[in-house]
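Same chain, two partners: subunit A is paired with subunit B first, then with subunit C.
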Partner chain A sequence: MPPVATFGPLLALLASAAFFASQSDRFFTGQNLSLILQQVMVVGVMAIGQTLIILTAGIDLSCGMVMALGSMVMTRSAVDVGMNPYLAITCGLLACIAFGFLNGALITYVRLPPFIVTLGTLNIAFAITQIYSESQTVSGLPPALLFFGTTFRIGQTAVTYGTMLMLAMYFATWFLLRETSPGRHIYAIGNSPEAARLMAIPARRLLISVYTIAGLIYGIAALLLVARTGVGDPQAGQTDNLDSITAVVLGGTSLFGGRGMVLGTMIGALIVGVFRNGLTLMGIPSVYQILITGILVILAVTTDQLSRRGQ
Partner chain B sequence: MKSALRSLLCVFACSASVAPAQGIVVGLITKTDTNPFFVKMKEGAVDAAKAKGARLMTAAGKFDGDNASQVTAIENMVSGGARAILITPSDSKAIVPAIKKARDAGVIVIALDTPTDPQSATDALFATDNFKAGVLIGRYARAALAGKAARVATLDLAPGITVGRLRHDGFLQGFGIKEHDASIVCSQDTKGDQAKGQMAMENCLQKAPDINVVYTINEPAAAGAYQALRSAGKEKAAVIVSVDGGCAGVRNVKAGIIAATSQQYPLKMASLGVEAGVEYARTGKRIAGYVDTGVTLISDKAMAGVDSRDTTFGLEACWGTK
Partner chain C sequence: MGTPSSALVLEARGLVKRYGHVAALDGADFELLRGEILGVIGDNGAGKSSLIKALSGALIPGAGEIFLDGKLVTFRAPIDARQQGIETVYQELAVAPAMTITENLFLGREIHRPGLLGSLLRLIDKKKMNAVAISQLSGLQIEIGSINQAVENLSGGQRQGVAVARAAAFARHVVIMDEPTAALGVRESGMVLDLIRRVRDRGLPVILVSHNMPQVFEIADRIHIQRLGRRAALVKTGDITMADAVAIMTGTITHH
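And then the complex of A and B:
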């Protein structure tokens, strides 16, 4: 891989951080940096699942809605049904895993394109969320559901447990993709399904596992979302599919599959978070953050395309 | 881009101007930044901040109902040193924990236009008295009927939203009837949308062709209702009343499409909010409770016994593109 695709995202992150540090003396404080991590943790975790899927040359439009469904199952089970909170969390995770499995099964066994399948399940998950929750926000959650939103101190800085979970998940995924054979096979499927078949990689089983694991990851994102906002919000997650794809692309992963690094996705998510936070601190309206994100996405995809042609 | 440039220039130039409120930062968070109502609100905040020499941070959700973006904005503003945050909550209930954290950090939080649930989650609420807005147009519609038997259609917002409930109930009280009165022949939800308002009115006319009073939740819904009435050739037969006082709505009053509308004042909500925020930052004095930002009945056909102002006044005070 050419160096610009590997280090481009990191350079962009460092440059933007340096710029905002020069503009606001409040930017480069431990508390503010911890805050940025907290703000990207939901989309950041979701983007891990999205990265795995995009590496196989797939895409998942349903992730935000599946997460919203998971969060409503967790909060309603715990508050309205009065279930043990850990059992409620498990139910929410299972709902997300079921949707991931459904996506994977339709894609591998019915051989439908991932874009269409997940467009369908996006709507299904949204509708079920609204019907199940009666579009009502759930509050008054038990402490177990809020754990990942609580903080511990590193020096003067309060850091949430959710942030630590996100970082741990990124490094675990990075390790698994690099060092294990299923991890390498994910790249192989995305690069060339034909070659993967000749190498006797069990493509169907691997693909279905990727979508199912992605479902579990969205379930964890749901738990983080609940912990972060302190409520079950049926309107949540509506733009998170595009936000997670944005993080993946900004991180240098190719939308055509087979190329990219999951740690790049974390950097991509952080770039969006840094701009959102930095521009707010400078007093610049949030719409400019959207404008800049758009420009960065185009830049990232251009870099990917140019480096591809160069090969 | 202008404000971005201004902020960049500010780094070099602002330290030179010594205003009394120097260093005071106030945040404004709206539901979206595309709705003219919120554009006007922001204008009020920008002007008031300039007058007081305070710095304004602004943010908005990506769509109506986008709680996550509002939570993020509150956190960023607290981190950026805001002493006061003004917010129109997208989700009255879901935003409460984030507001609590900000208040625990010593920030005064004022809700504009829409209360939180519970209302006591914020220090204060600066908003239109939506019940009164409904009462005014209810009285007007009753007078406009001049003793004829009423056949009422209500084009409402959506279930469970306080603003819609208050305006609807206010209208009924002003009109002098109770919910489920026999004269209410049709009630439909429109989400305040013109296309949905038109569809709702078309369906209502199918049900009751002789409707002569149309209560609408806002002016886009009223414009939709007028379209439906005109297609049926009944635009002269019904009195349409509404709430908002946006410039497009007031022009429709002038054109005779809407008979009367209750005008509200988003600019005032924001400017009073900024002033209260600066006051708190300077003196520590917390404003508390509900502040009514006023409502005025706008109509070009005044009715005896109902106070109203004409559209010349309405267009002066309206929000949106004049």
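And then the complex of A and C:
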């Protein structure tokens, strides 16, 4: 029997959507659904990287700050330095990749716990972001940096290219995790490091790759953030580490590693998005949205634990 | 492989392994013949587990030589031994509980799709892997039901079956089993012993390390008795009583 974790998140998403549709006529409109996707886009993409890491039984606290750094590198390079915008984007992606690699190298070669390493790099990335940007917001971005915030129409509804990129990334990651040997090995090292070692799976190489790829994914999230907000904001991303972990957990992935699905994470991110959006439409203040998100996380983990204990 | 030139499959001479002043292996000899189940017994600290680790590549001996099919081999890591066709069933089984039976059978050795899809994208060939898994399990008469269920849903004996099937599927020369029934009840132990016989009957010699003397006497063709880091005796199972084997293990009598 598959644990509740497999279908629970989807049921929770559908139930909450049905509830808010019954409370507000404006909820179930193409425009509003497109808005929800745009609101979850940045954290949603970041949560893909977070899922890969949590599947290996790791955790990444640095993701939001790494993304903020990437967004400042992109915007400052393009605006203040006057770099070709595509080169500027590449520099921002490289900064994020470098931080991902640093996380991975410290975890595998110095053998430090992921929690501590990424707590350290969180602070380092934050400080570098502030120093590098002089805590100044960058505006007046060239069109190339804004592309993913622009829209095309599906029927009456305007959809951003960024949300399409997010969906494409989720399906690609889901496919690769399911159908490739490195994808299966990610599950194996999270589920049983001892079995992975005895079966000669190259765990170090795999872990470094996972953290580095996560860095690249945070870089893409940085590009989406810049496109969505239209500025380079050095204060961005400060709660995104916990928001991305929330999406992963709500999506039914185990924090102990080796169990879960990346599509669950997308549903987890959407659950948070639907609640925030629906409660706003109902006129409920935003602190209650945070309260409810907290309750949801605890409920999700409890359900997951209970369903596994039953096995 | 051609015609076997000799009945000797695996041989070791004068293996030595020291940890400080303690010699876990002190000039240990070893031999395994084609088509046999060789029981390895010995008291705690006799060097049983060091001997097995040296043969499976988990330990690098300080001195001595290992021959596989008459050829000198050197194992620096378990993967070296495995590449030479020596498979080990570890006591802790080395399975990932949340993964399926097929995935565990092929863990780290997945079959990839042909062409660029496999070599570049590393796409796995699930159909082929499932087919091999089914034929492997049915060949050893391991009854498990669906091969796409997670290993954590299996009984202890069935899990052991998966680990043995994996070893038998990939071993070309030798299967080593480290205390395969230690965690099992009587009925499931019996199933695993039958399984070990079937592996041997398929032509793979088995090294069985066990604390359980009655089991070793029930199933082994010959018995290697380890004492103080050396082979104290190597006897046919019918030629010795359990009491004498214990006496040799503990040093009360010496074998001629």
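Here is the rule we go by: the second predicted complex is superposed on the first by the 309 of 311 C-alpha atoms of A that agree within 3 Å, B and C clash if a C-alpha of one lies under 4 Å from a C-alpha of the other, contacts with A are read in each partner's own complex, and residues count from 1 in each chain.
In this section, contacts are C-beta pairs under 8 Å (C-beta built on N, C-alpha and C of every residue); 3 or more make two chains touch, one makes a residue touch a chain.
Note that the structure is a prediction, hence the values are computed from the model and not measured.
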| item | value |
| --- | --- |
| Subunit C versus subunit B on the shared subunit A, clash or fit after superposition | fit |
| Dominant toucher of subunit A (residue count), subunit B or subunit C | B |
| First, second, both or neither for A:Pro182, with subunit B first and subunit C second | second |
| Which superposed partner A:Arg259 touches (first subunit B, second subunit C, both, neither) | second |
| Touched partner set for A:Thr137, first subunit B, second subunit C, both or neither | first |
| Partner chain(s) touched by A:Gly30 [first = subunit B, second = subunit C, both, neither] | neither |
| Which of subunit B and subunit C A:Glu194 touches, first, second, both or neither | second |
| Subunit A as apex of subunit B and subunit C, Cα-centre angle in degrees (nearest 10) | 150 |
| Subunit B versus subunit C as contact partner of A:Gly120, first or second or both or neither | neither |
| Overlay on chain A, subunit C to subunit B nearest C-alpha distance, Å | 37 |
| Subunit B to subunit A touching residues, read off their complex | 1, 3-4, 7, 10-11, 25, 33, 55-60, 62-63, 65-69, 71-73, 75-77, 79-81, 90-91, 93-94, 96-98, 160 |
| Subunit A-facing residues of subunit C, complex | 77-79, 82, 90, 92-99, 103-104, 107-110, 112, 121-124, 126, 152-153 |
| Residues of subunit A defined as touching subunit B within the complex | 23-24, 26, 31-32, 35, 38-39, 42, 135-137, 139, 225, 228-231, 233, 235-236, 238-239, 276-277, 280-288, 290 |
| Contacting residues of subunit A [partner subunit C, same complex] | 179-182, 184-185, 187-188, 191-192, 194-196, 198-201, 258-259, 311 |
